[in-house]
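There are two complexes below, and they share chain A, which is joined by chain B in the first and by chain C in the second.
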Partner chain A sequence: MSYEKVEVYSPRSLAEALEILSQKKEHIKPVAGGTDVMVMLKDGVVKEKELLNLSYISELSYIKEKESRILIGAATKYREIRRSPIINAYAPILIEAVRQIGSPQIQNLGTIGGNLGTASPAGDSIPPLYVLNARVKLQKIGTSREVQIDKFFLGPRKTVKEPDELITEISVDKMEPGSYYFFEKLGLRSANAISIVSAAGIINLENKTVKYLRLSLGAVAPTVIRATDAEEEAKGKELSEDLIDRIAKLASEATKPISDIRGTAEYRKKATYGIVYEALYRIFKGYGKKIEYGFEKTS
Partner chain B sequence: MEVNVSFNLNGKKVSVTAPPAKSLLRVLREDLGITSVKPGCEAGECGACSVLLDGQVVTSCLVMISQVDGKNVITVEGLQKDGELDPLQKSFIDEGATQCGYCTPGFIISAKGLLNENPNPTDEEILEGVSGNICRCGAYPRIFNAIKKVVKKNVI
Partner chain C sequence: MITESISKYSYINKSIPRIDSTDKVGGYLLYLTDLKLENALYAYTFRSKVAHGKINAIYTEDAEKVNGVKAVLTYKDIPAMNGYGAIVPEIPVLAYDKVRYYGEPLALVAAETQEAALEALSMIKADITPLPVIHSIDEALDENAPKIHDKGNIARHTVVRKGDVEKARSSAYIVLERSYETPMQKHMFLEPEGGVAFVDEEGAINVLAGGQTPYRDRIQISRVLGIPPEKIRVKNTPTGGAFGGKDDITVQIHLALLAYKTKRPVKLVWSREESGIAGFHRTASKIKLRTSVDRDGSLLSNEATIYLDSGAYQSFGPTILDVSIETINGPYRIPNYVIDANLVYTNNGIASAFRGFGAPESNFAIESMMNELADELKLDPIDLRLKNILKTGEVGPFNNEIRHAEGLEEALKRAKELFYRPDPTGPFQRTGVGIAVSVKGVGFGTLPEFPSAAIEIAPEGRVSIMFSNVDYGQGINTGNAQLVAEKLQIPLSQINVLHSDTKFAPDTGGSSASRSTFNAGNALLLACEKALSELKMEAASYFMTKSDVITYKDGYFYFKDKTVSIYELAKRLRFKGKSTRFEATLEVPRYTEAVEGTLEVPHMVYMYGVIITKVEIDELLGKIKPREVDFIADIGNVINPAIAAGQIEGGIIQGLGYSLIEELNYDKDGKPLNINYTTYVVPVITDSPLINVEFIKSYEELGPFGAKGVGEVSIIPVGASVADAVTDAIGKRNYKLPLLPWRII
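What follows is the complex of A and B.
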């Protein structure tokens, strides 16, 4: 569909948007920042004849605390996430990822809900959301449901979202003070590059013993995945070069990568080992990033 | 199937009628005669179409005209004040920070967006600030110097 033939609805409230969506269902496509949809429109791959512009719905853009959770409105821009005192204090791993997304231009337009809507396994906000135990709120007229992030994605560009539902909120755990964290991304260059492999991790240590490790991997399977075997291996053990090697190997074994123009499957498996090893080694040697009393600090 | 959209362009109120999903880039060039915004990739990757939207740098090829109602849009045409070029524009001229010039308006707008929010950026912050802009001729060192010169004046 070329842009000339496309109709755009621009509701000013969520209620209005849900009403339009309930009537048009799969015939209308939501647009928030447009950083994915506009490229698709240019490439002629948008099949819907109508677009639902969410950019005027201010009630979809917020960052709030609720006890041990943080609530993020779906249409919150990367820019707001990066500048949020709440996210900086309690979920800095998300900042690590967001500052590596696109460019200033993309971060000033793109939204976290749009990253989930696109459902690319290379979406950079997604690995941190896995290790922050995120839940995705899906809303339609009169009702809403919450889905655990690992149940939200069905495959590349496929989610459990129904055509009459909007993503309205993403909620995450606050990180525990004292946890180390990382987000590593391999791209062809630093700006405007799609991840070839990415990894997000939170590791909580008591003295040198791993209380828990949460590790997720991007761009190496049909969806972002949690490296659960690696997490299990780490639990209760003393951090050492040997343990880091085993964790990185298990992470690499958990991947089911494809070969594409950005890299071969074999490269992705090796690179997974490499970035996980390096990130954990840095923490082991005392150069990792640590969240202290809810505030970011480099140890 | 057209929409009427009113917004503030370089300090003046404008009204346009256009297909609702037409990009701000195409509307600026084709309907409003603003040709400093350049179509490069039209996919958000080159930054040649950059504008300030409510003060923030965005690629106008990714913005639908339907999303601009009531907003403020600034292009390089709007940077001069009382016939005086903006310090960034002067600095780009002084440093010869342009070869073919296709990328120049986009770089100036990105730098302007950065300096509006952070008048005293570090070298790293300057590099990040223009990381969404590509110069096909490779004038990067001069572009960096041009921005850096303005930053130095800001500090004094």
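What follows is the complex of A and C.
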């Protein structure tokens, strides 16, 4: 248990936050919600003695459309994503994931930028971002850059973000009308569980032929991964149980899991096969979830 | 489903809401860890980061210099005995020569502020030479293993036998030999271990901490401080969950020691992680069975080798081992048996009491064996049990005359109607059904017990009932109030409960072994009889007649056309300088002699249950979903059906956690890996199956209004029934709990 005093800076504007960050750099830990950072602080994993609290910066909390993309402010809470008509209409796969993160208490505080900052391979909002071709906006005083989500993570808790940069925005593709999608998560219990394996997929079918499949996997490698071989295999082929088997096998082969108290590496490989197979099988049999524009549902 | 049958009683057999529910639901109730004492010091524990090692030195000088620090205590500061433990006082209050588990307490700090206390804590240094760590029963038994205690790594070994197993086995139709394993389970109560202590104006040390057995806590504190028990007060209520994990000492002695040394109020509450590291857990088990049956399914012999992992010290280990011995023969007619039982030391924390107390471990073995034998014999598993269960009046394997076994037979017959495999809900899902029988003694078996309880009739119109058992959520306050209301025929609203406080309540023992209703209930009924007899004489004096012509009903005595209430009579007694408090002591019915090789086997009164578990397994993911659980219970007459069903449901869900996902793990250095709710995964409400609880109509003459007990009966058979259902679903038998998905596919 940590006992040392921690100083918390709570700027009200992005400019102010970037200013503080430019001075303190690696000595200050940005925190957006704190559902991970506060635990890590208690366990002594976070060593910084100063926290940059981003919760009061309202300009970092938004969800808006921009042509074929959706822009999400980094400090947008899971709860707001769940309730957003824009996300419900154009990126419901993100809702599938976000509603399975932690508990309502976590969803009321946790943010999407925070989930990226924590950079856990088991972060549940991340696999959908991979298949939505997300880009992460990193900002520092006077300049900003955008990084493709699959280039953003370097390993568990490691990203390309520089100490004087802040994650300010995540942008994603709108899903194409008629696409099927899924987010499946396997935990040791039915709620409030850390993923043993997770998978997110978007599949676009023309009649029964796969126009494209985007498939990402969580908790089975040092970062979330895209199962590109599986995606390639699917392209242009007619969806069948045989194809699903091949896709699931390739997905399983793409993983590099570890053994821990939540599961053995061998099991994670088997479960990756199972989770992908079952999700695609449901779509194949007509039980899959499909995106229909203009229909705004609430969850 | 709970059905309340038409009852001849006014206050029992009724699902009366808990008398403490408003305070709990409203959040008004202050648990002991919520208490804030004026001027209190903050206390923390300095713990070993080495799981097994020799202590060379503990350096506290720098910590003592921190501003605001009032005490830094090590073993050198213990006034009398440096040891505690419910059965054998071998657990050091503060370690002195060796550390035997990761997190073992080495020093205590108390300071004016949390910051000062934590700063001091960080300045204590321990010089410990690490020794090889023993992680498991197998490692402990290795002949080259380092000795955790001077006497070796076997804390207790005993052999219990009857008949001639070799002869029985040689004539058997089938002999099966199997090994079973169960994990360490954490209690994961919502309120971690903690409390406050202070020295009162009379110089008595008051310890107010979550616990289960205040009078034993008091004796254990007294031995360490070297002061008489009457100079110590222990109050254990309200406690936010215990399940056995607060039955032995947790913070009580540390609190008392700090208050005694500093003469200041002290607060000590373990963090969730400390509870995970240093709190108790259930014994892991390895059990080998060789069981033989005749062609018709009659059990001929049972040979058992039981190993329980006691961790670094014994706590309740010796008696847990006894219950595992008693449970390994099930409720069955087994003419020949040999039980070789061993309690083993390892460096895995300290195992102690946990709901079921050695029974879930043995039940998993014998009930899994029964299911496999039924398979081998091509017999219905219920028929196999019906054939082998002991009948009322028969002499059981431990020489005890069986009482009221009809309930178990009826429960098994009812189970036949519920025993079917459900349909799968979708593709890749396989379903299965499993069964197991539960049996558990109520109370401490042959160990002598003399629980006392009291009632006090206040002229203002209230009856206080006093007993030392703790209501840590199981509902004993409400149950006991219902018993007294029934006996005195007065409304429940007139009853006030004072419990689990050595200052007010007599020694009824603790809340454990499903004994609280039986012991406190019986003692309270005796106290009521005493009160009524005394009051009747006072009524005779009031009516100017003889007591034998007076009748009693609904709180009033009647003579001809005249009446007088118990409260009016209490006023008269007080006026005469007499007490209106009536205390009685129960001599708990028991067999006087324990079976050779045991400490407390057998019990006289047993609870029974039959569980049917229906599961669905995803064949690609290995994930087991319990869909429906039926539990048919014989717990004697049911005082409060809703509370009793709640106990049974709670036990089932805790048992499902134990069977499917819960397992305390230690790393190679002996450090526990899963010590909080994130890493030690317990079921949540959405994991709960549909649970159907049914009670067999039953009446145990020895119990209060025919009641037996309920707390432990349902957790015991869950493991075997789940494993059996999984076998039914996937065709492969499992011998190790928990049934984690990676052990299934």
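The definition used in the following text is that the second predicted complex is superposed on the first by the 289 of 299 C-alpha atoms of A that agree within 3 Å, B and C clash if a C-alpha of one lies under 4 Å from a C-alpha of the other, contacts with A are read in each partner's own complex, and residues count from 1 in each chain.
Please note the rule applied: a residue touches a chain if its C-beta (ideal position, glycine included) is under 8 Å from a C-beta of that chain, and two chains touch if they have at least 3 such contacts.
Treat the numbers as computed from the prediction; the structure is a model and nothing was measured.
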item: First, second, both or neither for A:Leu51, with chain B first and chain C second; value: first
item: Partner chain(s) touched by A:Asn192 [first = chain B, second = chain C, both, neither]; value: both
item: Partner chain in contact with A:Glu7 - chain B first, chain C second, else both or neither; value: first
item: First, second, both or neither for A:Ile106, with chain B first and chain C second; value: first
item: Partner chain(s) touched by A:Asn207 [first = chain B, second = chain C, both, neither]; value: neither
item: Which superposed partner A:Thr143 touches (first chain B, second chain C, both, neither); value: neither
item: Contacts of A:Leu41 with chain B and chain C, given as first, second, both or neither; value: first
item: Shared contact residues on chain A - chain B and chain C; value: 3, 5, 39, 190-192
item: Contact footprint of chain B on chain A as seen in their complex; value: 3-8, 10, 31, 33-35, 38-39, 41-42, 51, 53, 55-56, 79, 102-106, 108-109, 190-192
item: Of chain B, residues touching chain A in the complex; value: 1, 3, 19-23, 42-45, 47, 50, 53, 56-59, 61-64, 66-67, 69, 110, 113-114, 128-129, 131-133
item: Residues of chain C defined as touching chain A within the complex; value: 114-115, 118-119, 121-122, 271, 273, 427-428, 618, 620-623, 661, 665, 673-674, 678-679, 681-684, 686-687, 740-742, 745
item: Contact set on chain A toward chain C in their complex; value: 1, 3, 5, 39, 186, 188-194, 196, 261, 263-264, 266-267, 270-271, 273-275, 277-278, 281, 285
